[in-house]
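The chains carry the letters A, B and C, assigned in the order they are written, with residues numbered from 1 in each.
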Amino acid sequence: MLLEAQNVAKAFGNFWAVGGADLAVAEGEIVGLIGPNGAGKSTFFNCLAGDTLPTSGRILFNGVDVTHASSEAHARLGIGRTFQVPTTFEDMSVLDNVMVGAFLRHPHRNDAREHARRIVEMSGLRPDQPGRSLGTPGRKRLGIARVLATEPRLLLLDESLAGLTPGELREAIALVRRIHESGVTIVIVEHIMEVIMTLTRRVLVFNQGRVIASGTPEQVVRDAAVIEAYLGRGAQRHSRERKNL
Amino acid sequence: MKYLLSARVGVCLLAALLLLFPLVFSDPFYQDIAVAFTLAAISASAWNIVGGYAGQVSVGHSMFFGLGAYAPLLFYTLFGWPPLVGIPIGILLSIALAGLIGLPTLRLSGHYFSMATIAVAELIRIFFGTWALVGGAIGLQGPAVARGWWDLTFRSDLPYYYIFLAVLGLLLFVTYEVQRRRFGYYLRAIKASERAARSLGVPVRLTKLKALALSATFTSAAGSLYAIKTGFIDPDSGFGILVSVQMLIVAALGGAGTLFGPLVGALILVPLQTAANTWFGGSGSGLTFILYGGIIVLIARFEPGGLFDFWRRLSPLIRRRVHAA
Amino acid sequence: MIFLQVIVGGLLLGAIYALFSSGLTLIWGMMNFINFAHGEFVMLGMYVALLVVLYLGGGPVGFSAAAALALFVLGVAIYVALIRHVVRGPMLSQILSTFGLALLLRYSAFFIFSANFVSLPQTSLSGTLDLGGIFLPLAQLVAGAVAITLTIGLHLLLTHTIVGSRLLAVAEDRSAAMLMGIRPDRMQALAWGLSAGAAGIAGALLAIAYPWSPTVGETFGLIAFVTVALGGFGSVLGSLYAGLIIGLIEATSAFWLGAIYKDIVVYGLFVAVLWFRPQGLMGKA
C-alpha cells in the first residue's frame, strides 16, 4: 500500500469532525472522497496532507509513519496537495509559481526552470502570464501544475475541478487523467459526481465524520445510506440556491 | 533582450552618477546629503530583504542598527581597538539576536512579528540607557583624532561616501543574487502564502530565519558605518523607533520587495528630509515627522507597491501616448 | 503601609490601562488588525479634556464625555477614510497605515501643543483620601473606578446586547453575518468608534490624575500591546485582568527597582509572553 490511514480521528473541542476513518490506497489508483458539506472529508484530507494533526490514528506513506510530519516533510516525501481555494503567488508569473515547486527536486535555477517549463507546457498555461491575472480555471490549473513540479508519488486534489464550465471541466479531467497515466497515484475530494464517475474506480462516502459506504462509483450511488445523506444535502442546497437569487 | 539591455544601461548610468556625484558637487553640504543617502539606502535595502521580499514587516530593525553602531565604539572605548574591529562583532551579535527573536516570533502571524520587533527594540533602547558600561543615556564616542587610516576617521566626507557606496553596491549585488536563486523564490512564495509555500516543500521558518539573519547582517553594518562616521552614538540615535521607521518608509516609498526600490526611496526621501529640516528649522518642531507620517499614510492608502509599482503601471500609458503622437 | 499604597495605586492605573487596551483588543479580535496609533488616541483624549476644561469649562463628567465623543467620531472617520481601504491590502500597507497615522497624530500634537508637560487645572476631584492609613489622591481613585466600570460595561455590551452580538458575528464570519442582514462595514466602523472612544475616555481619566506630553501616546500604545498580548487577542475581560496585572507589576517594580526600570520590566514581560505563550495568558491554546 502506498498510503494507509488507520482509524484517523480529529476533534475540534467536543466536535468530532472525523470519527475514525480508514483508507488504503495502492500505487497507481485513483480514489475519490465524496460526501455532503461538513461531512469531514476535508478535515480527513487535511490530515492526509499533513496540514492538520489527527487527534488519534496513524497515517503511513510507503510504510513510513507520517502522522506527525509537517506539510513540508510531506512534500519532500512525495505527497503533493492542491487547495480548495487556489493560493496563487499573485506577484509571480505562472512559470515562477511553478518554479517554487520545481526547486524542491532541482535546487539550481536553470534545472528548476527547465523542469517548470515542461510542466507549464503540459498544463496549457502561458509561462509569462502574471499570477494575479489568472481566472478561476487558470488558478486551478496553476495549482495542479505547481504541485506536479514537486514530483509527487501521491497527489491529493482538493476540489480542484469545482467551479469550472463544462468545457473547462472536460479539459481538466483530461489533465488529471494524463497525470495519472504518468504514474502518479491520486486521491481526489470532489462534489461533482461526473468527475468521480469518469475518473475513479473506487469511492469513499463520508457523512458526519464517518465513512458510510465505499466501492465502485456505480455501487455507491445505489447505496441506501448514501442516497439518504445526499437527499438531505440536496434539500439544503436547493434552499441555498434560492437565497442566492 | 531589448529590455535587458536598457536595464543594464540604466544600472551603469546610475552607478556612474553615484560615483561622480560628490566630485561634481564638492560642496560639503551636498556631500553630507550624499553620505546620508548611501546610509539610508543601505539600511532600507537591508530591511527590504526580510520586510520587502519575505513580507515580514519588522518595525524594530533599529535593534540591529544599534548593535552595529555600539559595537565599534564600545570596543574602542573599552580596549582602544580600532572601530573597524567592532564591525564583525556587531554583525555576529546581530545575527545572534536575529536568531533569538526570529525563532519564537517568525512562526507567528505577521502582526505579531511587527509588534514583537518594536518591543524588543524598545527594550534594548531603554536597557542601554540605564547600562553604565555602554555609557547610559549619554552614549559612547569614537576616536576624536585618527591614529591611522584603520581608525576610519576622516576630515572630509568623501572617503566615507565611497566606502558606504561600496557597501551599498555589495548589498545590491547580494540582493540581486538572492532574488534570482531558490532562496529568493522561496521568500516571495512565503510572502504570498505561507501555507501554499509549505505545501510545496518550502522550509518556511528556516527560510524566514535566514532572511532575517542576512538582513540583520547588513543593517548592523549600516549602524557601524553610521557610528564610525559620526563618532558618537546614544540609545536614541542607535535604537530609537525613528531609525526603524526611516528604513520602513524609504523602502516602502520606492517599492518594498524590489531591488532598486529602497534606492529610489532614499533618493527622494533624504533630500526631502534635508529640505524639510532647513525649512522647518530642525526637527525640534516635529514638522519633519508630520511629513513622514503623511507620506507613510498616503503610500499605504494609495500606492502600497511604492513608486516602482506606480511607474510600472504608468510607463506603458506614456509609451502609448508617445507612439500615438 | 507604603507598599500597600503602591499596590492600590498600581491597580488604579492598571484599570485605566485595561480600558484603553480593551479598545485595541476589540479591533484586533474583530478584524485581525493592529492599530499602531491606539496610544495616540489616548493622548488625543487627554488634550481634548484639556481643551474642554480651558475653553468650555465643565467638570470631569463633561470633559470625559467630550473626549469619548470626539474620539468616537475620529475613530469612525479614520476607519472610513483609511482603514477600510487598506484592510484587504498587503500586510505592509496595513502596518504602514496606522503607523504613519501614529506619527502624524503624535507630532501634530507636538507641533500644536509643544513638547512641554501639561496637566489639567484643579478640578473638583483634587484632594487626598485617607483609607485607613493608605493615602490616595481622590482623582486616581475615581478615575480607576470609572475605568473598571467602563471596561466591564464594554464587555457586557459585546456579550449581552444585540449590537454586541452583531459585532461578534462579523468577527466570527463575515459572509455569514452578511447573510444575516448585518452590514460588516458599518459594524467595523462602529468598532473603530468604540475602540477610539474607549481610548479617548481613558485619556480623559488619565488626564485627571497625571501630567502628560504629546509623546505619551508611544508609551501607552506599547502598554496596550503588552496588555492585549497578555490578556489574549480579542478578549475584553482578558484585557481587564491583564491591565490590572501590568499596573501592579509596573508600580511594584518602580517601587523596588526604581522608576527607570519599570519600563524594562513591562517590555520584558511582553517579550516573554510573546515567546512562551503567543496566544496570551488567558487566550485559547
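Heads up, the rule we're going with is that contacts are C-beta pairs under 8 Å (C-beta built on N, C-alpha and C of every residue); 3 or more make two chains touch, one makes a residue touch a chain.
This structure is a prediction, so every number in the text was calculated from the model and none was measured.
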Shared touching chains for chain A and chain C? B
Write down the chain pair with more C-beta contact pairs when B-C is set against A-B. B-C
Can you identify the chain nearest the overall CA centroid, using each chain's own CA centroid? B
Just give me the whole-number Å value for how far the CA centre of chain A lies from that of chain C. 46
Take the average of all CA coordinates in chain B, do the same for chain C, and state the distance between these two points in whole angstrom. 32
Report, in whole Å, the distance between the mean C-alpha point of chain A and the mean C-alpha point of chain B. 43
Flag every residue of chain B that touches chain A in the complex, lowest number first. 180-182, 185-186, 188-189, 191-193, 195-204, 257
Chain B contacts chain C in the complex at 51-52, 55, 57, 59, 104-105, 108-112, 114-116, 118-120, 122-123, 126-127, 129-130, 241, 245, 248-249, 252, 256, 285-287, 289-290, 292-301, 304
Listed in rising order, chain A residues that touch chain B in their complex are 49, 51, 70-72, 74-76, 80-81, 83, 87-92, 96, 99-101, 103-104, 107-109, 112, 146-147, 149-150
Within their complex, state which residues of chain C touch chain B. 28, 32-34, 36, 82, 85-86, 89-97, 99-108, 110-111, 214, 218, 222, 225-226, 229, 260-261, 263-264, 267-268, 270-271, 274-276, 278
